[in-house]
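Take a look at these structures.
Below, subunit A partners subunit B and then partners subunit C, in two separate complexes.
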Partner chain A sequence: MTTLALAPAIDRVPQRSRPVREWLAGTLFVVPATMLLLAIIIAPLLCLLILSMTDYEIGAMQIRWLGLGNFEKALSDPVFRRAMGNTLLYVALVLPGGVILGLLVALLVHGRTRSRAFYEVAYFLPVTATLIAMAAVWQFLLHPKLGPVNGLLKAAGFPEMGFISEPSLLIPTLAVIGLWNLIGFNMILFLAGLTAIPRDLYDAAEIDGAGGPIDRFLTVTWPQLAPTTMFVAVTTSITAFKVFDTVAVLTRGRDGSEVLLYAIYLEGFQYFKIGYSAALTVIFLAFMLAFSVFQAFQLDRRVHY
Partner chain B sequence: MKPAHFPMPAGRLLRFAGAHAVLLLGAAFMLLPFLWMLLTAVRAPDEILLGGLNPIPRSFHAVENFSAALQQAPLLRFMVNGVIICGGILIIQLIVAIPAAYALAKLRFPGRGLLFAAVIGGLCIPIQVPALPIYLALAEFGLLDSYFAMMVPFFLSVFAIFLFRQTFRGFPDEILQAARVDGLGEFEILWRIVVPSALPAIAAFSIFSIVAHWNDLYWPMIVIQRMDYAPPPLGMLFFANSETGASYGVLMAGATIITAPLVLVFLLARRRFVQGITMTGIK
Partner chain C sequence: MEHSLELTRISKAFGKAGVLSEIDLTVEPGEFLSLVGPSGCGKSTLLRIIAGLERQDAGQVRIGGRPVDDLSPRARNIAMVFQNYALYPHMSAAENIALPLMVDRLSLPERLPLIRHLSLRRKRIEAAISSEIGKVAEALQIEPLLARKPGQLSGGQRQRVALARAMVRQPSLFLMDEPLSNLDAQLRVHMRDELTELHRRLGATFIYVTHDQIEAMTMSTRIAMLDGGRLAQIGSPADLYERPASLTVARFIGSPAINILPARVDPQGHVILGTLPTGLAAPEGMAGPVSLGLRPEHIRLHSSCDRAMPMATLRRSEHHGADRLLHLDLAEDRQTGLIVRIPQDETGHFQPGETYGIGFAPEKAHLFNSSGQRLGTRPLPARIGAAA
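Here is the complex of A and B:
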């Protein structure tokens, strides 16, 4: 191949033929990325899979091969089952809330002209703020005695609520904070989707008799937004599934707020049960892949400049 | 756009008022935590302990709270750490990703398809997955508790490669050919001709990267034990867990200091910032 291609190119490019030059430059250019890819993604991934089938613990004298033993243990481990259940409950609360509220806000903001900038800033502000710091703020807001939320409840004649002490309230509380953090992000994605809908479609719908706002939404907006909605649903699921920061600040994973990533963190980096934590990570990865395979296909269409 | 209608028809007016009512209610929910944080940061401790809903602080205690926050924890140190970590990560991400993305977009070389497939696969793998083996390797080499430990898993951003490849692909081949005929090497073509044309994409990615790593808690929490190296979120966690007790005013002052930099950048460069953060859902 290369020798054949040499002949016609030789009078235009003095030193080397185009294919050889490309071959060399291309290979050199990807060397750092390829080495890092091997070192920080591929090799660790293989190690993780192997570790997940062992009983390796830091400080242990010997390592035993367990096969799928860790996974069987996880399935019958009440702590893991609670963590999984809580994580899925969290996703079940944040996913519909994040999509519906994000869409609602975007639809309302899209129609504004003079006040649009104000609303965009207001709704996006929580996305920009460091969540750890704001989680500390939420902890204070929800404080049973000193916080304004319980202050309001008491002023309205309701009993005091243990938002961050009552186990059954922990996941809903974390979900509300998660939504607070996420709605502005989803709003921006939906606004981009709304801007991309051609105006003529609305004119056409009007001619066809779909003139009211609800008709227009159902016949034009909703179908046109379908790809955006799908994308938002996937990214919201991924973000929600990775809930960690608020748990670390507000509850430190205590009763009622065990979630998957916090369980992985505790098992691996606090108790140093490396093998077991690796197995839980593999389960986490399986969920990520299920969400992300979908997203990787979508990304090609999303990213545009 | 449309000319303003005065007076509005009743139906339109109702819809206008309804939209603003809903939006304002939502905006209040979004902004109240910030407002209450600021108000509490300037309140005196005895007033905070009374609880209550009075928005206006009775006495102005800002100087005491903020100076106590800065004394109780090295908040400025956390910020400096954050700048070092985010800066280091970003520079290496760009140096590694830009040539690789250019090669994937414009050059033919063996293994190109395989590498691109690996990049796409890498997009699905968050830091929590390789964390355990990388942690073990860093521990083995005695590298925990260092800036290097905090930065190394992020030196390669497959997302940057993916994004820049998309951007570079749109660059006209004729210009590249002309540059080659003029005797420019691929390296010069990349840095002198292609990169300057892709600055908007590079800026957007830079904001994305800085925000992601400024806010990251999971990985620093694993590799950092010594507070001297803590980035802002980990520092905030130390700070929130340390003796705060009744001194919520001090804690809120600390939270204000920690959140201020990104919020200010957002308010100053709104368009770019929003574009940078939302160009992907991968957080």
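Here is the complex of A and C:
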């Protein structure tokens, strides 16, 4: 009995200090990564949050705490509400368009053998082109009098369209340019996904009688592409939410064509209202976060890795 | 449902590389035929041609007497089990098994998402299909797994689901492309039994591709061995083991592999190993270098060797349960290794480093000419070096 009682007592000393030592070591290992995270991401975000609750302006001598005043102002600001609506419309056009057209182009290019490399480069070119420079080209292409697009429309007997002058057409026109810029990138992502589909599955579908194009797409290709599709949808919506350069160059927000990022830019860098613009940025970030999380959860349930 | 299969002069090349040349093969209804051969011999390509997944360059495929060259895999009414099972990962086991029947019995609009709910007869057909799945699942003992996705199944379970998907259509031919090679050793032996049993129960025609000669030997009624795109030999497992048509077949079939010893035929037609006659005679008019093939179990070792016998030194002895494998080096040239299989209970003292005399019964020896073709042999009345 005495030996039994003694044994734990001897062990107790190292047992108590070991968790402490492990905790210390673990903490030390975590410190560098935590510091980096704090310095690069958390601290700037905190700065933004604090700024968004003040009336700070560039060059101002004093600064006043407004609490949620900026947010209240934003929600009743007609310009901001219009920018929000426009951005949502833009995303609603670019997100499905970018995913569907990207997939379609990828499927077509994937079927090519020798010309595949050419099509890959051709569709990817707009991604590498700077959108600001290309916007000038689009401005010419869509010009009501000089542009070839309207020339074609007129030749085909349609009325002339004011793509970048008619207010109701502004956002759809910007969405088309956005799509043009984005499809090549989505195509590359989908092509990578297509290449990763095992050939056995197509063989099995063929044996099972599901070898026709529609059956094959529905039984093998589309379900196998689900993870790729989710990734493409998330990146496309983030890109779409951040639309800025085409607006800045082509419309400058005239005729009610402001988008979120352009409104933030105007407030912060044209009118120097840093506090207000920080508040808009917070709203923008919250929006993006909510949207991405929703999308990830929604799609994740239907994705089979 | 058993059907015959006839291949006539099947040839196939990918680009400039010839894969198959003039394969002639007839498979009787209800047979279990294995296609074996080293990797790259064209066996999988031949199976894909039979399935209709690949188109041959020349020749004809007939299933049940009917040419099927212009038919799609579905119209050929064959089923195939793949090495990686090729189950659709987003569908449950039941949906995987149901797919061939769904495609068969429902029209395209009845299978499309959303629109399919408009069909009135879909429910009735689906009920019939699910009862058929139940029967197949019962036969393969996978009923508890039907609701699971392939990702939640073990290798052996996936294998069964893949078999069920093949069986559910009651195909005329079962094609299997190395279906056991992704399983662990124990399960492989078990599934070998199950497949043989399944073949017996269904009575269907099986074509089974494997690179594992043990699978082919244990399961098939006949084996067709391919080598370099040509049919090297076709026959029962015993035929291929006991009368290999070529050096390649002899080396491929049997484990441990057959011993191949360099020998020559003297002007009198006697087969000479080293400097000693073997008691074998080659066919008339044959002289020059030959290869002598001896299965490990057909060699006898003699420790007291006063007779003129080829000698070999024991390198090591391996315990294999019922058997013992002895690795020896032939004394004349240290290059040639020799493997001898003896029953574990055989008396005799085998010490590494010791030298033994080698004896064999001449009728058990195989003789191949310099291009690897089998030669007929006849034993001579005077046996030298033969087991007493």
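Simple rule for what comes next: the second predicted complex is superposed on the first by the 241 of 305 C-alpha atoms of A that agree within 3 Å, B and C clash if a C-alpha of one lies under 4 Å from a C-alpha of the other, contacts with A are read in each partner's own complex, and residues count from 1 in each chain.
Heads up, the rule we're going with is that a contact is a pair of C-beta atoms (placed from the backbone, for glycine too) under 8 Å apart; a residue touches a chain by one contact, two chains touch by 3 or more.
The model shown is predicted, which means the values in this text are computed figures rather than measured ones.
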Touching partner for A:211 - first (subunit B), second (subunit C), both, neither
second
By residue count, which of the two partners contacts subunit A more extensively, subunit B or subunit C?
B
Contacts of A:105 with subunit B and subunit C, given as first, second, both or neither:
first
According to the stated criteria, A:198 is in contact with first (subunit B), second (subunit C), both, or neither; which is it?
second
For A:264, using the defined touch cut-off, is the partner it touches subunit B, subunit C, both, or neither? Pick first, second, both or neither.
first
Can A:223 be said to touch subunit B (first), subunit C (second), both, or neither?
second
Thinking of the overlay built on chain A, is A:48 touched by subunit B (first), by subunit C (second), by both, or by neither?
first
Based on the superposed arrangement, let me know which partner A:274 touches: subunit B (first), subunit C (second), both, or neither?
first
Touching subunit B in one complex and subunit C in the other: list those residues of subunit A.
304
Would you tell me which residues of subunit A are touching subunit B in their complex?
12-14, 18-19, 21-23, 25-30, 32-34, 36-37, 40-45, 47-48, 51, 101, 104-105, 108-109, 111-113, 115, 117-134, 136-141, 143, 145-148, 150-152, 155, 180, 183-185, 188-189, 192, 213, 231-232, 234-236, 238-239, 242, 244-245, 248-249, 261, 264-265, 268-269, 274, 277-278, 281, 284-285, 288-289, 292-293, 295-296, 299, 302-305
Sites on subunit A touched by subunit C in the complex
198, 200-201, 203-204, 206-212, 214-215, 218-220, 223-224, 226, 304
Subunit B residues touching subunit A in their complex are 1-2, 15, 19-20, 22-23, 26-27, 29-34, 36-37, 40, 48-49, 51-53, 95-97, 99-100, 102-104, 107-112, 115, 118-120, 122-126, 128-137, 152-153, 155-156, 158, 161-163, 166-167, 170, 180-181, 183, 185-187, 190, 200-201, 211, 214-215, 217-218, 221-222, 232-234, 236-237, 240, 248, 251-252, 254-255, 258-259, 262-263, 265-267, 270, 273-274, 277-283
Quick one: which bits of subunit C touch subunit A in the complex? Just the residue numbers, please.
48, 51-53, 72-74, 78-80, 82-84, 86-90, 99-100, 103-104, 108, 111-113, 149, 151, 165
